[in-house]
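Here you go, one structure.
Which chain is which? They are A, B and C, in the order written, and residues in each are numbered from 1.
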Amino acid sequence: MKKNKNIIVIILAVALSFLLPSFVKNYYWLGIFNLLLIYSILCLSLNLIFGFTGLLSVGHAAFYGIGAYTTAILLTRCHFPFFPSLILSGLIAVFFGFFLSMSTSRVRGDYFTVITIVFGEIFRLIMQNWVNFSGGAMGVVGIPAPQFFSWRIISEKDFYFLGLILFWFTYITLSLLVKSKFGRAFIAIREDELAASTMGINTVMYKILSFSIGCFYAGLAGSYYAVYNTAIAPSSFTLDESCLMIIMVVLGGIGNLSATIPGVIVMLVATEVFRPLYHYRLLLIGLIMVIVLVRYPYGILGIFNKIASMRKKYSYRKV
Amino acid sequence: MFTEVFIVGLSLGAIYALIAIGYSMVYGILKLMNFAHGDVYAFGSFICYMLLVEYNLNPILSIIIAMLVGGLLASIVEILAYRPLRGLEYRNISMISALGVAYIIQNTSENFWSRQVHFFPSIISTPFISIFGIQVPTTQYLTLGIVILVVVGLNLFLKYHKVGKAILCASQDIPASSLMGIPINRTISIVYLLGGMLGVIGGVLYASSYNVLSISMGFSGTIVAFEASVFGGIGSINGALLGALILGLLHSLVGFYISTAYRDVITFAILIIVLLVRPKGILGRYVEEKV
Amino acid sequence: MTLLKAEEIDKKFGGIHAVSHLNVSVNKGEIVGMIGPNGSGKTTFLNILSGIYRSDSGRVEFKNEDITKLPLHRIIEKGIARTFQNLRIFRNISVLENILIGRHHLIKNSLVNIYFNPFLAGRREKSAYLKGMEILELVNLAKEKNELASNLPYGKQRVLEIARALMAEPDLLLLDEPTAGMNPTEAVALCEFLKKLKERGFALFVIEHNMKAIMSISDKIIVLNVGAKLKEGIPREIQRDKQVQEIYLGKEE
């Protein structure tokens, strides 16, 4: 049966991914994988919010940042242990996401997008200027290595395993969610909100739910990033980052969780390849965004096979 | 002191109005948040700067050429990056494209003119005139004058000129307008052209008034345009003017009496409150979706 | 037994009096048709019944319960499901996924269930799936269950919308111009299907412009003109009524 085949594939994938460090010892490559894991978690959760529910959020990096700062401050100033901080980071991100998403009951979709952009900017500006709390532009440094009982997470390989655990947690919980009636409700909202309401879906509640859940994982990713990088600064949580996440999701395919990973990989490769052209980095990212969207608006690896026929071109001819 | 801050705020608002009007018109017709708006007119302003400073061209000529460049750029952007996405069912994909375009233009501008702040010479020769005993820079009164002319002209244009009326029709109902023989694609291009041109005027006036020009004015310009449109009512030109004036005053007052660092944060916060309390703004029309 | 009772429903949009003191009732297992010229307020009335608009005054009672002030998404729980005049199916997902969304309020899985009791959650999903296949068989869409909804021909899309509504196990189906855009053959097939639904115990409230169709299936017909009820009666009476003919065809000079 199809379902059993899927489970076997997942188990194999999990096993292989945990065995990876036995083959790949090079720390540079493990570092790349760690980066891949962080962005995957961020983009999977963003796919839930945008790909499935249709809420274009260009402020996801802010929740990433909220998680990062929560863990950073708890670890450096309050000497909290890591695991509770990780959970708290997720929850505090949810807290902010919850209130932000309540605005969807009042405003239309495009306005909500701008609210997310504005929120992201407010977050960044506050972190930059509230020096006593956040360390200002210098951020928080000296974040200690996490410890989970007797497991000290210091090396690139240790962080890989931690990241992997978080990644699979994200992927599996989100997969279960989107395959359920909740996932269908999110999709219904994306497709036609009015019809969704008529079918008994409380659209406001589900939008808030989707957004808040997505923010939780972003917070987790931020927490991981804080201990991985041992230092964080507002410059990591900018609008550019949010846009990068969006393009990763769109590239992979909206509404398709598995497809997110290739989208992340492609964009990370692209940004690495463009690194020598640093001055043109944003231009190239922008070009990729526009070209991909204009040619393949549903994602190159998206769920829609007939991409060309999906795009209805309005051509206004004089009658 | 307060009066001066007030007048500064008003003329600032007038400049914002030029920027916001183009943005609001585009949204009125296409319901698209043109995130690239600011960067387009910033590019135009830099062209003006280049012509003025490096080629020593006559100021009026520089501005006119810059306006044309800005307007043309806006139209080209529309044709290449927005038009193909117009028929899509997921409307917010156009917004992502707009973000991409913003980055493209921003980065291109950066590579031509660097990120630093440039000195933009004042266009007006007499720096101060005295009105009602207050020493106010001439530029500011000129700005107010230009904006009043533009807004009045635009209102007349929309009401009486064939193309203006076409724009109004298109902002109500595109398929119906198309069936009535209105060339939608051309009309939309004209809207973008106008928006770009007005934006460049605004950008140049700002640069001339404050003698600064930098790439970052692009993004902040888009934010300003959006804020002004929200305050005054999106989709409405007079609304954009009203909202821009309010925003200008807000910026001036907050910047002077509180602090410039938190000026943006406070404005953003007010913006979110306005969006939650009265999303259609002061003069806006909220069109109900027909079931 | 009276299923639906709408009393003195009144709705104005600015200066336009869309629905004026309307009284409508639908009994169990009955097919009630509503006709009237364009703009007579039929869809507005249907929107009020289904919770999209709130009436300015009046009362809607369903199964002896006052549902006038019920929020939109709660209406389906009471047993009223609807389709739309301009077809609102979920275009970018499959036929099966479309109708499973119709089952939403009857699948009792909560978040807690999904994560902590996956077997129970799976069983409920399975029974929803089985019900879905049953409905698809009923409407002859079983073969297309994995087809993208937007790929279906228009007639089948309309049927899909009705199938989605049926998944909610409603007592009353509100159909807004179900035969719109259908060719005569499809329209006749749909009418047969609607009669079959009536046999199964569903009550139907149908807005239609296709006179042949509505006359053939309705137990009673309500004629609306400029928001007010002009006439109510059995199809044969309505067909012969002079006033009804006038509002459609104009006065004889």
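FYI, a residue touches a chain if its C-beta (ideal position, glycine included) is under 8 Å from a C-beta of that chain, and two chains touch if they have at least 3 such contacts.
What you see is a predicted model, and the numbers here were worked out from it, not measured in a lab.
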For subunit B, which other chain has the most distant CA centre? C
Larger contact count among A-B and A-C belongs to A-B
Starting from the mean Cα coordinates of subunit B and subunit C, work out the distance between those two points in Å. 47
Approximate Å spacing (C-alpha centroids) for the pair subunit A, subunit B: 32
Please report how many Å separate the Cα centroid of subunit A from that of subunit C, as a whole number. 40
Pull out every residue in subunit B that's touching 2 or more other chains. 291
Residues within subunit A bordering two or more other chains: 194
Two-or-more-chain contact residues of subunit C, please, as numbers and ranges. 52, 84, 91-92
Using the touch rule from the top, collect the residues of subunit C that touch subunit A in their complex. 50, 52, 71-77, 81-82, 84, 88-93, 97, 100-105, 107, 109, 111, 114-115, 118, 121, 125, 128, 148, 150-151, 164, 168
Subunit B touches which residues of subunit A in the complex? 54, 56, 58, 103, 106-111, 113-115, 118-119, 121-122, 125-126, 129, 190, 194, 240, 243, 246-247, 250, 254, 279-283, 285-290, 293-294, 297, 311-316, 318-319
In the complex, go through subunit A and note every residue touching subunit C. 173, 176-177, 180-182, 184-185, 187-188, 191-192, 194-203, 255, 304, 306, 310
In the complex with subunit A, residue positions of subunit B that touch it: 31-33, 80-81, 84-88, 90-93, 95-97, 99-104, 106-108, 110-111, 174, 178-181, 183-185, 223, 226, 230, 261-262, 264-265, 268-269, 271-272, 275-276, 279, 289, 291
